[in-house]
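Two complexes, one shared chain (chain A), two partners (chain B, chain C).
Right, the complex of A and B next:
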């Protein structure tokens, strides 16, 4: 049953990905991206990776959709038709994709008994059996992330911070009082809410 | 007659006002319940930020900035990382290794509990600040 659900979800993922490529309408593509993340989150849930699914749903389906919508407000909603098809680009994409698929061939199959985590179970067994008495929280993922791998999470937090600083320095938040220039209407108005009311937009 | 969004999106605004407290509560739940269920600082930060982003989308950036100014966000971004790294320094002051929370209390698991609490809170604060900053950056530039 699980396999069937995962198969359906993965088929959905592939269809959504093709839809994103084919679609000229950027707004539709952004919505499909959100759908893609949500489907991926569903697949993670079926694979019992609830924490990952949570993050994927919140970040992929939530925040990045919003940020893409924000980026869309800089530009038109329609992708510019390309006059020519670039064969060089196609070759590059095919070669890169082929390399990625070739790379996955070395990876153990999902749930395979030959995977390194199964043949060398010491670490996983230690986490499962000892984290309750060593660290405490019933959620082992939290124990691993925050305590056993505290360094990693510190690094990740610094990366998030650095990303914020980078965006600040690139896009820059203006120092003047916002009422001077902040638009009266919400950025969310742009996409589909009420296009005919808003002559400034190219819809 | 010019229609302001206030009048255009009345239904959305009412629904948003109803939803935002629940989103914030859920963010806090995910933050402080991460020990027991799925979740933790990162997810909580994103959920917490999404409440403010929703407010910004529906009520306009100006009013959201009145609630949470960019200056406060910058402090949040930095203070989360400082809280995390500071926890590591405190564990060193207590005589342990960096980020070895067991030394924070008499009982090692209590120390771990406090350490994880502080560290996850740091992650949550930084992620909230960064996410809302990203949104402000994009939304204020158009």
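Right, the complex of A and C next:
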């Protein structure tokens, strides 16, 4: 029954992905991407990954959609129709996908208990058997995230901090100043200028 | 038939991955490209979580005095990190796109190339 639910949700995901490809309206594509993340979160619950599911629902479907909508509110909603180079891309994608599908033929089947990812003594068995006494929290994911792989999490926060600084330096500081008071040549303070007018200012 | 069900999740993951890759190659709109990137990322998350699932298992939360089979928690941890990093990447990309739009007035890749080519010393 679980497997059936996963198969149905996966099929939904594929349909949503195709919808995102064909949709020309960017707003619609962003909303479909949110739907895609939410469907994925539902499937993660069925596949026992509850922590991943609520992160995906909150961050993937929530914050990510808000970021896209925010970006769209500054730019255009419509992508221009293009089709002339799709053939090369389509052939490339089909060949790559075919090779990858050929590669999956050797993979352990879905849910199989004797796959390497379930039987590795250090990476699966030990976490399940020892983390309760070694670290403490009943949620094994918490133990691994904060203790066994604490440096990963530290690195993640560094990445998020760097991304926040990058976004702020690209957008945030400039917007606080009113356009007319800003000096002409201040770095990082370039109003939307006509590129024909002064091309080098944009760089 | 068991082969079909056992491998179906991998195949869908590959379809999603290739959908994202196709969007990134064939669409000129920059926002659409980032949407394709997100699609690709989520399919990778799916691949990892699929591999952590064990038949008859339950979520990896320890229960006292019970003999449950738990799904492998390690892929969950890796993907938790990956989701947050993925959103951070998207945020930087979208901020760059907003700046590009403000400077050039377009977010279509070919129009940007035309503007670049028209510049005297580009």
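One rule holds in what follows: the second predicted complex is superposed on the first by the 139 of 203 C-alpha atoms of A that agree within 3 Å, B and C clash if a C-alpha of one lies under 4 Å from a C-alpha of the other, contacts with A are read in each partner's own complex, and residues count from 1 in each chain.
Here is the rule we go by: a contact is a pair of C-beta atoms (placed from the backbone, for glycine too) under 8 Å apart; a residue touches a chain by one contact, two chains touch by 3 or more.
Predicted model only: the values in this text are computed from it and were never measured.
Asks: Any idea whether chain B or chain C touches more of chain A?
Replies: C
Asks: In the superposed arrangement, which partner chain does A:171 touch: chain B (first), chain C (second), both, or neither?
Replies: Once the two structures are laid over each other on A, A:171 reaches both partners.
Asks: Thinking of the overlay built on chain A, is A:145 touched by chain B (first), by chain C (second), by both, or by neither?
Replies: Both chain B and chain C are touched by A:145.
Asks: Once the shared chain is lined up, is A:70 touching chain B (first), chain C (second), both, or neither of them?
Replies: Both partners.
Asks: Name the contact category of A:35: first (chain B only), second (chain C only), both, or neither.
Replies: neither
Asks: Figure out whether A:136 sits in contact with chain B (first) or chain C (second), or with both, or with neither.
Replies: It touches chain B, and chain C stays clear.
Asks: For A:163, decide between first (touching chain B), second (touching chain C), both and neither.
Replies: After superposition on chain A, A:163 lies in contact with both partners, chain B and chain C.
Asks: Go through the superposed model and pick first if A:154 touches only chain B, second if only chain C, both, or neither.
Replies: After superposition on chain A, A:154 lies in contact with chain B alone.
Asks: Who does A:61 touch here: chain B (first), chain C (second), both, or neither?
Replies: Neither: A:61 stays clear of chain B and chain C.
Asks: Across the two complexes, find the residues of chain A that touch chain B and also touch chain C.
Replies: Of chain A, residues 50-51, 55, 59, 63, 67, 70-71, 74, 138-139, 141, 145, 153, 156, 160, 163-164, 167, 170-171, 190, 193-194 contact chain B in one complex and chain C in the other.
Asks: Looking at the complex, which residues from chain A come into contact with chain B?
Replies: On the chain A side, the touching residues are 50-51, 53-55, 58-59, 62-63, 66-67, 70-71, 73-74, 133-139, 141-143, 145-147, 150-151, 153-154, 156-158, 160-161, 163-165, 167-168, 170-174, 178-179, 181-190, 193-194, 197.
Asks: Inside the complex, what are the residues of chain A that reach chain C?
Replies: Within the complex, chain A touches chain C at residues 3, 6-7, 10-11, 13-14, 17-18, 20-21, 26, 29-30, 33, 36-37, 40, 43-44, 47-52, 55-56, 59-60, 63-64, 67-68, 70-72, 74-76, 79-80, 82, 85-86, 89-90, 92-94, 96-97, 100-101, 104-105, 107-113, 115, 117-118, 123-124, 127-128, 131-132, 138-141, 144-145, 149, 152-153, 156, 159-160, 162-164, 166-167, 170-171, 190-195, 199-200, 202.
Asks: Can you list the chain B residues touching chain A in their complex?
Replies: 3-5, 8-9, 30, 34-40, 42-43, 46-47, 49-50, 53, 56-62, 65-66, 70, 74, 77-78, 80-81, 84-85, 88, 98-99, 101, 108-109, 112-113, 115-116, 119-120, 122-123, 126-127, 129-131, 133-142
Asks: What does chain C use to touch chain A in their complex?
Replies: Result: residues 2-3, 5-12, 14-23, 25-29, 31-32, 34-36, 38-39, 42, 45-46, 49-55, 57-63, 69-81, 83-92, 94-99, 101-105, 107-108, 110, 115, 119-120, 122 of chain C touch chain A.
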